[in-house]
Amino acid sequence: MKKIGVLTSGGDCSGMNAAIRSTVRTALTKGLEVVGIRQGFVGLLDKLYFSMDSKSVSNILQHAGTILQTARCEEFKFERGQKQAVRTIEELGIDGLVIIGGNGSLTGALALHHQGIKVIGIPATIDNDLFGTDMAIGVDTALNTIVTAIDIIRDTASSHDRAFIIEVMGRESGYLALMAAIASGAEAAIIPEVPCDLEKIAQHLLERYKAGKTNSLIIVAEGASSAYTIERKLKGSIGYETRITVLGHIQRGGVTTVFDRLLASNFGMLAVKALLDGKSGEMTVLQGNNYSTISLEEVISKKKKITPELLELAKSLSS
Amino acid sequence: MKKIGVLTSGGDCSGMNAAIRSTVRTALTKGLEVVGIRQGFVGLLDKLYFSMDSKSVSNILQHAGTILQTARCEEFKFERGQKQAVRTIEELGIDGLVIIGGNGSLTGALALHHQGIKVIGIPATIDNDLFGTDMAIGVDTALNTIVTAIDIIRDTASSHDRAFIIEVMGRESGYLALMAAIASGAEAAIIPEVPCDLEKIAQHLLERYKAGKTNSLIIVAEGASSAYTIERKLKGSIGYETRITVLGHIQRGGVTTVFDRLLASNFGMLAVKALLDGKSGEMTVLQGNNYSTISLEEVISKKKKITPELLELAKSLSS
Amino acid sequence: MKKIGVLTSGGDCSGMNAAIRSTVRTALTKGLEVVGIRQGFVGLLDKLYFSMDSKSVSNILQHAGTILQTARCEEFKFERGQKQAVRTIEELGIDGLVIIGGNGSLTGALALHHQGIKVIGIPATIDNDLFGTDMAIGVDTALNTIVTAIDIIRDTASSHDRAFIIEVMGRESGYLALMAAIASGAEAAIIPEVPCDLEKIAQHLLERYKAGKTNSLIIVAEGASSAYTIERKLKGSIGYETRITVLGHIQRGGVTTVFDRLLASNFGMLAVKALLDGKSGEMTVLQGNNYSTISLEEVISKKKKITPELLELAKSLSS
Amino acid sequence: MKKIGVLTSGGDCSGMNAAIRSTVRTALTKGLEVVGIRQGFVGLLDKLYFSMDSKSVSNILQHAGTILQTARCEEFKFERGQKQAVRTIEELGIDGLVIIGGNGSLTGALALHHQGIKVIGIPATIDNDLFGTDMAIGVDTALNTIVTAIDIIRDTASSHDRAFIIEVMGRESGYLALMAAIASGAEAAIIPEVPCDLEKIAQHLLERYKAGKTNSLIIVAEGASSAYTIERKLKGSIGYETRITVLGHIQRGGVTTVFDRLLASNFGMLAVKALLDGKSGEMTVLQGNNYSTISLEEVISKKKKITPELLELAKSLSS
């Protein structure tokens, strides 16, 4: 192996840059050449690339987003697109590819692996919905950004008699919403993994209200419902005013936390080593304290679940 | 004068606590007793109050929101409500009142003044729409919170080819939106004070796009339009994807900035001094470097304008 | 078990409040009474305590420091002091005690256990030097505060041709320094666990300098040396100016991160459950993904080590 | 005028980049060419320069430090050095120069003006010690960074019985220390402008201590004394423990605040306009709400004072 490529794909998140940096620096240390592919799979189709050295990744460790940019790529979902990507990869003399992204991106990575390209995936998505790894890059930063925003809203909520309904990202996963609810001391979390009993929530809030706790926070996962729907249903039954905040795209950013910098640095190093070890079709994972790689096949085909311990903690604290 | 009351009213903002603290500490230093009224004018009607000492305001200087809480009060808009407030004030033996809030709250303050109560207002509103003072409490913190959020969005925007349309508060004023646009290096600001030529904006963005600047930020003042409306109108005509963020209630908060702590501290001190000097029906103001008070009558009846210099600066930087 | 006590001891850290909150809320949910002991072991000797309810721990989840305060207590190191503490505990009818703190505090906890008191310890120290748990409360927040400060210094360093030598806390452990170095992309870390070859560091910096990388960061663990000593030794041999920053007490604080809120919440819940299960003389731990308790005897007698993987990562990135 | 140069000199501060950006963008809009000089006056002697376009200043608005770098330059203090600078300026065909920096840098600017070069200065120094302008670039960000650090220390101080002595920058000016003290609610500020009565401070702290306020913050301006000296003198006389923090270089940084972005943007625009108007030997200033320029001669020869109002406010709040 003499030359590797690296790309980021799908929704961006904080820590992608740290992963790029670690991938590049580790590869250079091992004597490899590195090619940066721009705009994810689009760059493989349109031949958007550049040679990367140590300076290419200077001073990016802490910054959200991705210097390689990212884009959606419809063509790559079809075999014709994938074959074209393979041609580019061969033309550039790339012996192995590091693909940083979420579920869709890793499905693409697997497709390239099936086309005979050596590929290692790095999980990067704020949704933390990837099977096999405790944490994906970007989750810790997203959570801290979300909780900082909720802390701010708590201040304004406590100045009025108000229930705030706050919608957070997470696609089909309630992980972000649940963690944010626990960490911000919210009164309720509405997530897709658990049937939502709005009447019970309303009653709980009403009881708190009567007990003098006149402000409440309800966190809604976008995969379960929308803040607007929940507000419409709660209105009237909880006895005081409601307000809505949809956190939106600020959740993707924020200065990369120490945890994400470490995780991304480890994943980058690990991905390069896996390629050098002749591996392909695998994804870097963190399980407990152990870093390793598992088959992308498994990652894509299985569904990550929220642990019962987490659900229990959520219940015990909202009293 | 032996005893004063203090209340916060209307929408909360960061710095209200600093103003309460300064009012209380200054009054105590001058040998006055201080009564804190809870929930704004509601507290005057429902007799929600408590005696405040130096410890009541310990460790609140930096925190957003208001320890006195705030609420809307329909009854107080009518003379009957105002008369009832006067009775409470007399019952409590309050000789003067400091009212911290925005336009509606200061209209209420003026009504009490007309009822014979000694009142000094302190301008506190993130909208910065109060005539007579360069800055109201809360504006600087709100702006920094907004711009921090926009910085985060800029990071994610620059990872994709996207125009972000960001809606900020400000009621009928475009001040917040314009300042945020300048300070975040946004490409366009849509504000109620200036007729909006969306075609020109679309063309400007399109030209930038062709020149390789594939991400843009457009700031929309809630008083001018909504992010959704602007997106619908721009879509298609700018050549790349758009995304929306409505910043919502996080704008009211954030750790109080140094400027707001200073402004609030000065206003609190000034308000107590004005009461001791026998003044009433006035509001504390900052004009250039000078702190003074002006008539509430004038504040309420006149409309604050955005300076032409600010508009020019906005134009010159978005090129 | 009907009544438990909770105290914080030793150096404070961010997350102690979250642990107090979880301990109190869990205990109340289980039908227990809770007594808060002020100022650590001093409060046990001087009978500084108060009854805690759900409201006692409202709105403290995110705040650094400890509402129970903490203090050093010389008398408690001797059996006479410990016996006096036992008398207070019996007088108050406390059936079990949760002690939140670092090495010294847990040594005290073990002493009480030997005196027949039911005690569960919760590890809380920014130094992360406690055997048996991957992370202590406060470490993640401290690291993020440290790295945020280093990011700021990096900005100023890159505006000049300067090497910055930054001293961080950690007592006899190099964990904080090493993690901060990796996460901030520092050029070198000087820690007690690894013999320091200053000549090699100087040469590395000199080579970087000649290659045009004219700013460098060197992180020094207080347990290894002092920033002043390192500066004196490096001066002259690296070819450009040096500056010193001793981060000091800001490292103990910062808004509690999501990780620390979660860790503290889990530890608090776990400690109460352990007491209810009849356990004593144990400490809550996180090992991989598993929460459990281990013997305080073991915690106190063994020394935590830095993993070889971490040391390797440090090396591979500073190139 | 066809071509201008821009440089930053002296200690760096947050907002310099915003000033560079505004200078460059305004000049380009006016049809001028722009040359960036690296490393301050060193760059004029050693011919370190590059041509700047709109992209050169993309995405720098919010970042502390200076992309043009800065350095100390002994040679430039002598006429021979200045003459050499003039030769470079003529060689490059630069018709006017914008110099961004503090007292020393502006003294250099004045020297160049005397050598016949068209020069406009922009005040940028965290010390806020420049006569003629209410605020220099960098002051607001430095203050917010300082006060954020003090807020953190307050949390840890309130967990112990401790007086914290915190040393802040400011060279011969007590402005930063005094403002930080007011904004952080510190108990005392020791500044060069006011004779320091340590006995009185000790007595004040002792009285507070006896009244149950067992933590205190004392802010020391580096121009008045050092935290170590003050600690040595206070120790023993205040009845409880003391701790020291020297904030150091983090004060120069932090994400540029909205105020500094605005101030820097205005100053940059104003400087270019002044050059186009044929002015030279002047510095951009903010006085109240008015932006204008005044003679560098006056700036250099006069001493800025702290206003009596500020001193009074400091007194009234620390009670």
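Lettered A, B, C and D in written order, each chain numbered from 1.
In this section, a residue touches a chain if its C-beta (ideal position, glycine included) is under 8 Å from a C-beta of that chain, and two chains touch if they have at least 3 such contacts.
If you're wondering where the values come from, they're calculated on a predicted model, not measured in any experiment.
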Given subunit A and subunit B, the chains that contact each of them: none
Common touching chains of subunit D and subunit B: none
Relative to subunit D, chain with the most remote C-alpha centre: A
Subunit A and subunit C, separation of their C-alpha mean positions in angstrom: 28
Rounded Å distance, subunit C centre to subunit D centre (Cα mean): 35
Cα-centroid distance, subunit A relative to subunit D, in whole angstrom: 40
Junction residues of subunit D, two or more chains touched: 158
Chains that touch, pairwise: A-B, A-C, B-D, C-D
In the complex, subunit C residues that touch subunit D: 8, 12, 14, 16, 63-66, 69-71, 145, 149, 152-153, 155-156, 158-161, 164, 243-246, 248-250, 252-254
Subunit D residues touching subunit B - in the complex, by the definition given at the top: 21-22, 25-26, 28-29, 54, 59, 61-62, 134, 140, 143-144, 147-148, 151, 154, 158, 179-180, 182-185, 255, 257-259, 261-262, 265-266, 269, 287-291, 309, 313, 316-317, 319
